[in-house]
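What follows is a set of structures to go through.
The same chain A turns up in both complexes below, where it pairs with chain B and then with chain C.
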Partner chain A sequence: MGPADIFTAKINQLMSVIIILLLASISVAALFLVAFLWSVKTGQYDDEISPPMRMLFDDTKPVPKQTKDPL
Partner chain B sequence: MQLDKFSYDNKIVKYFAAATALWGLVGMIVGLWVAIQFYFPAISLDYPGTTFGRLRPIHTNAVIFAFVGNSMFMGIYYSLQRLCKARMFNDKLSWIHFWGWQLIIVLAAVSLFFGFTTGKEYAELEWPIDILITLIWVVFGINMFGTIFKRRESHLYVAIWFYIATWVTVAMLHIVNSFEIPFSYFKSYSFYAGVQDALVQWWYGHNAVAFFLTTPILGLMYYFLPKAANRPVYSYRLSIIHFWALIFLYIWAGPHHLLYTALPDWAQSLGTVFSLMLIFPSWGGMLNGLFTLRGAWDKVREEPVLKFFVVAITCYGMSTFEGPLLSLKSVNAIAHYTDWIVGHVHIGGLGWNGFMAFGILYYLIPKMWNTTLYSKKLATNHFWLGTIGIVIYAIPLYWAGFAQADMWKQFTEEGQLKFQFLETVTAIIPMYITRSIGGTIYLIGAFMMVYNLIKTVKQGSFIANEEAEAAPLEKTASHAKEYWHRWIERKPALMLVFSLILVALGGLIELIPTFLIKSNIPTITSVKPYTPLELHGRDIYVREGCYTCHSQMIRPFRDEVARYGEYSKAGEFVYDHPFQWGSKRTGPDLAREGGKYPDSWHYNHMMEPTLMSPGSIMPRYPWLLEDKIDTALTGAKIRAMQTLGVPYPKGFDKIANEDLMLQATGIRINLKIDKIETPKDAEIVALIAYLQRLGKDIKAESKTQTAQK
Partner chain C sequence: MKIETNQTTACYHCGEACVTNDILFNEKHFCCHGCKTVYQILKQSDLCEYYSFNQTPGVNQRTTIRKDKFAFLEDLSIQQKLISFQNQTETHVTFYTPHMHCSSCLWLLENLHKLEAPVISSRVNFPKKEVTIIFNHSHVSLRKIAELLTEVGYEPYISLQNLNEAKPQISRSLIYKLGVAGFCFSNIMLMSFPEYLGLEAGEKSIQTVFRYLNLLLALPVLLYSSIPFYKNAWAGIRNKFLNIDAPIALAIIVTFGRSMYEVLSQTGGGYFDSMSGIVFFMLIGRILQEKTYQQLSFDRDYTSYFPIAISVVKDEKEIPTPVPDVKVGNTIRIHHEELIPADGLLTRGKALIDYSFVTGESIPVQKEMGELIYAGGKQKGGAIELLVMKEVSQSYLTKLWNKDAQESPQRKSFVHALGKYFTLIVFMISFSAAAYWFFHEPAKAWNVLTTVLIVACPCALLLSNSFTNGNILRIFSRNKLFLRNAQAIEDMAAINHIVFDKTGTLTSTQDQDLDFIGEKLSADEMNCIAALASQSNHPLSKLIAKQAGNPANLYMEDIIEIPGKGIMGMVNSNRIKMGSHNFIVGGTAPEAISSVYVAVNGKQKGYFKIKNHYRNEIFPLLKKLKTQYSISILSGDNEAEKLNLENAIGKNATLLFNQQPVDKMNYIKTLQQNGNVVMMIGDGLNDAGALRQSNIGIAVTENTNNFTPASDAIAEVSALTQLRKFIRMAKANKQIVMASFILSILYNVIGLYFAVQGVLSPLVAAILMPASSISIILITFGSSSLVSKFLKLK
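Showing the complex of A and B:
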């Protein structure tokens, strides 16, 4: 077994941290998948017309603008 | 139908806005200070806290977590309330969040100034602050999710999805990357080592870009751009599609920071492929933003807010095209370690993050003070100065990057390297000067903004609680068809999902010790743990931030092997807690520095770099010659390393200081031969021991190999 083979074998052992990264990333990805399915099933995306329009309106009471004398 | 009467909390937004402006200026001033050090190193003032190695992390933490962080909270607290038609869940939590975050920033600045750093980029803050960050992030999460749960608008506008993704992913990233073993009240060692640490670090690092600098700000774009232009988003469907695509793809792009390093090939290729795929969802966002202004370009001509947004979104598009290109191995081979990467970062930082923050400030300050902007003209001038500043910043760095890569790789006809490393540094000094002029222009613009906003505030009257009315949500869902449907809509279900994830993560925490410690068994027999003296030296290297200018990772290229020695192998780094591969070669790579120069060379070089390297821009480190090694900590350091699986003999921590003194005496003798007197426990001795160890182990292995033949 030459040096190169030893190094390859070592690298696969060294990279075991990827298990942690995969578990963490896939857990979060699974959470996002659940969230996505929830959003589709509860009809979040049934109406794509009114949300972008609705957000343009303020539901606050208009207060007359004042510009104080800066002095 | 009875309308609910409630009010939006503007006071919390005001405070986050003030913090954004303040830390923005601070972060940019520190940035200018470090930029000047490249051509005028004396401006480090010969003081430990103000050398490049310590100031650079203060700059990055200030602009990322203090400036962009506060701008994100400012924008989220303003927009989330209005999109949910509900006041923030709990005012007390809002204030704990605000003051907690500012406390984190102050602690960060002070601790980094004094050299308490983990040595991992964008995760430099030590373990007590890491815990505080987790707590405050949870407070933010409760406040944000609480607001979402008590919303009066059942539809979750796309911006809210971006905020949710931000919160969840940043929580995961921070926790996983911050696994560390403390050995003192302020210092710790990374749980991971070498190649593993590099992978976790850049899984975190790139996702910090993705989920701290990009997704929350995209969310803000989806609120503030339509509001400012008074136009609906170009394609709502596109916003949903690119959101989901973006968050699923981004997490896998991390390895593109590690191309041609000792990271295994398959991991590198994975990073490249996902980074390329990212162009599509990223440009989906850019195009959606720009096309929203269809038919409203006359408004862009009039409104500074829209001007800032347009350039911000364009810079976002440029960065997210350049990024994937830089992830191609052939491009990366040229760009990695050069100033091209710094240029790339700042197009995103100055262009996307900076200009979005400025635009949002110019939008909501007049609104919250119920007035108009003090001077549109001044704001427009700010816009032009900022834009010109970005250009004058970035172009010299592209030039410098190409010059570095070109000069590093050139050979003469006889097969020798054409340029000494120092020549490549000197050649790009004019670019460094120009870059800092660009930054200065950008900073002046920011000052103009602060003046403009203060005058605006003075002429208006603040609405602390903005009265609003909205219909409450009907308890019975309008889509109620099936029983299980309603069950999903109730909070406990979401709580359950969260709990499951937390339990899974908890399980991970239990798994980690067994996994990593087992896999840290020595793999190259000639690679030995650092001696106690070398360990102190390494910690000094980390403390002074040497990794911000020097890499320790030789790539398998002809020019690098010729210049630095045998290319770096993964097994060499098994005991490196944390890894110190570095990202930038302002100075040469040090992976095989061991044995290249006598001990006295290193002594003189740290005392006065230009003595050994005429024309060097490295700062001076005179305090290392006087300050003493903290030998009281040696035992704790060894024990911490043992916990992490580094094979020091049992009980070694008790005799470690004797070993340290023995090795230190050897070095002092070498120095004395060259007429240098040092106290026996001066820090420089430890640093020399560490530097002389770098890259030596693998040479021992090849020697034994050839000896056996």
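Showing the complex of A and C:
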């Protein structure tokens, strides 16, 4: 067995750590899936037209209300 | 009696022309008191930013609302039905406000708290056109909120019947399924990479782990996300026919089965990524399709989709009112041949109702005064007035429109034929390939059978047709052409002959010169004539009714209108008769001009001379159309205009005059018998038969109640000048679908090339599937939008 083969064998031994990585990444992805399903359920995507418009409105300072003139 | 047109200014609030009034306030013009009042209210609360977001964002406020309109909201039991939440300090209520249409509306409705202090906040749901208001009920009542909304021009449309019905919800279950499929698909792909890139050599155990994980991840896709396809395929099979979902459902099941077998027997990695890929992309396609159609049908059922207006009678004047604005308690006038849009009690006139659109029964039914007349019937006779009892249900009118379509012979799209054959061909290929290998190399037979079924994807059939159709229908409706259904697009693409009706279609009924030639008529006689004219819906009668005199409060009876000839009746105990020369005097007219002859109490008084005023840009349109299609113009008038028309559009067009409605229909029939595909464009009044007979009939409306279920399309006047572009777009539809078919066949051929040889690796399958689906979605959706931009449609 040359050094290259020993090296490959070692790598292959340690590869099992990948299983843990795999499970971890799938769990995180699953969390995102749950978050997505929850956000759809609570209706966040129902109205897609008003948020873009709403973004562009200015916040104006409240003006003291004038008394109504007789029309 | 010449009427001059005024130079009109546009109202600052709603944008309409200030014709009757011109109110000047704060250096701005308003067309009526209502619009000015809204401006005043906004100015006082410093909300004039409303006008800065869009030009003339308001809606016309001409029809005023009764003061007690919302009195019913003081009733507690009704409040309970409307309120969604209430505690000590606040009440939540959601109102449907159909007048909302732009960002200014959104801004104003969410700034209601500035107008009225007890309003705490408000939130708009734009697609549903609803506003949810949270207010302090101890300082302001529900009724006052509704009145406030009305004052600024966004009257809530509260229909107690609709309270129990749920508004259409965009289906979320498909989105859940898509989320799950996406999650599984991406993770499966990730974990398939080692297999593709050659893990074989090393770790057997890790490879097994990857494969089993893939299997597990594929389970939710198989059992949950694919349910819509199973359902549809099963529904088709139960009716003994293979629809497009059948091969997809089959492919999903076969792929999973084969892959599971491979993993469990440790002979391979399976095709899980292809399987979840198919499901993912097909679901995307289905959601986009549903969204397009749902938006379309929501528009049709709940908003002012059709440009129909109904004549509401106020102080003896007819005010054209759009459909959602017609309320219970309004009096509406229905003329001869007009469709009754809402249930109402007969208050005036002789009602002879033809319910053939609803029941199929063509014998008209006579109705007594005070009797309830149901919507959907057509009035045959003089004009009647109804007291509206139930609001206009536009969804009911849409149903009528589509019902008529079902009765006419079903013309199936060419896609259906292709869909049927697809499955059969795929089965044939797979079985014959398997049989071939069975005799040469039996091991491969099963492999080949399943891979062929896996790789053959009818994506194009499923996606392209419905996408392009949905997209095109929406583009058309944005440009004011409303088609009945998607089949109409194909009909439009196939035409080679266009027939135009002259009066009302080519000519405008608004600005025309009217002259009376003959014995001088007294004011009283003029009023009687105007009153009789207002009973008819013929374009010339409408013109006379508007300009001849004041038809207020005259007693009328015995009104008889004969289409193509004229109208007669008793007005204020004068017997008045109006119509063509043939009808009044007898024989053909001496002068060839557009005329309406009048006889009062048996004595011929003279005639109205009417100058034809053709719509702007109609002649250039006709000239351009002539280069590609055969044109005919049919008119009920005499030959007066023949020279004019010939000079304007040249000699090649067929011009026919003195046409009765039945002549028009027969003319189209003859054309069709000679092998032509005919499009008819008319105003929907006397042309119902011709519109129905033609391959595609378009009814042109101009702010009047011209809705006739006999037409395949309704067009606003402005859409008429773009006719060429619409036909071009309809033709493009077929070309786009064909292109996507060819692309899909290409993909299938490549895939089958590998599958039939038994060398289809999971990698190749995984690349082909998404590539074909994505490219087809892009091509169909993208092309139709590109074509519309190229044609300069909105």
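Heads up, the rule we're going with is that the second predicted complex is superposed on the first by the 45 of 71 C-alpha atoms of A that agree within 3 Å, B and C clash if a C-alpha of one lies under 4 Å from a C-alpha of the other, contacts with A are read in each partner's own complex, and residues count from 1 in each chain.
Basically, a contact is a pair of C-beta atoms (placed from the backbone, for glycine too) under 8 Å apart; a residue touches a chain by one contact, two chains touch by 3 or more.
Since this is a predicted model, take the numbers as computed values, not measurements.
Undergrad: Of the two partners chain B and chain C, indicate the one touching more residues belonging to chain A.
TA: Partner with more touched residues of chain A: B.
Undergrad: Who does A:Ile19 touch here: chain B (first), chain C (second), both, or neither?
TA: both
Undergrad: In the overlaid three-chain picture, which partner chain does A:Asp59 touch, first (chain B) or second (chain C), both, or neither?
TA: The answer is first: A:Asp59 touches chain B but not chain C.
Undergrad: Touch test for A:Trp38: chain B only (first), chain C only (second), both, or neither?
TA: A:Trp38 contacts chain B only, not chain C.
Undergrad: Is A:Ala29 contacted by the first partner chain B, the second partner chain C, both or neither?
TA: A:Ala29: touches chain B and chain C.
Undergrad: Just checking: does A:Asp47 make contact with chain B only, chain C only, both, or neither of them? Give me first, second, both or neither.
TA: both
Undergrad: Would you mind listing the overlap between the chain B footprint and the chain C footprint on chain A?
TA: Dual-contact residues (chain A): 12, 15-16, 18-19, 29-30, 32, 36, 41, 45, 47-50, 53-54, 56, 58, 60, 63, 65-66, 68-69.
Undergrad: Going by the contact rule at the top, pick out the chain B residues touching chain A in the complex.
TA: 8, 82-83, 85, 153, 155-158, 161, 164-165, 168-169, 172, 176, 192, 194-196, 199-200, 203, 223, 226-227, 230-233, 236-237, 240, 244, 247-248, 251-252, 262, 264, 267, 370-372, 455, 458-461, 463, 466-470, 477-479, 485, 488-489, 497-498, 501, 504-505, 508, 511-512, 515-516, 519, 521, 523-524, 569-571, 574, 701, 705
Undergrad: Where on chain C is chain A touching in the complex?
TA: It comes out as residues 37, 40, 44-46, 49, 103, 106-107, 110, 114, 117, 124-128, 170, 172, 175-176, 179-180, 183, 186-187, 191, 202-203, 205-206, 209, 213.
Undergrad: Can you list the chain A residues touching chain B in their complex?
TA: So the residues of chain A touching chain B come out as 3, 6-7, 10-21, 23-25, 27-32, 34-36, 38-39, 41-45, 47-56, 58-61, 63, 65-70.
Undergrad: Would you tell me which residues of chain A are touching chain C in their complex?
TA: 12, 15-16, 18-19, 22, 26, 29-30, 32-33, 36-37, 40-41, 45-50, 53-54, 56-58, 60, 62-63, 65-66, 68-69, 71
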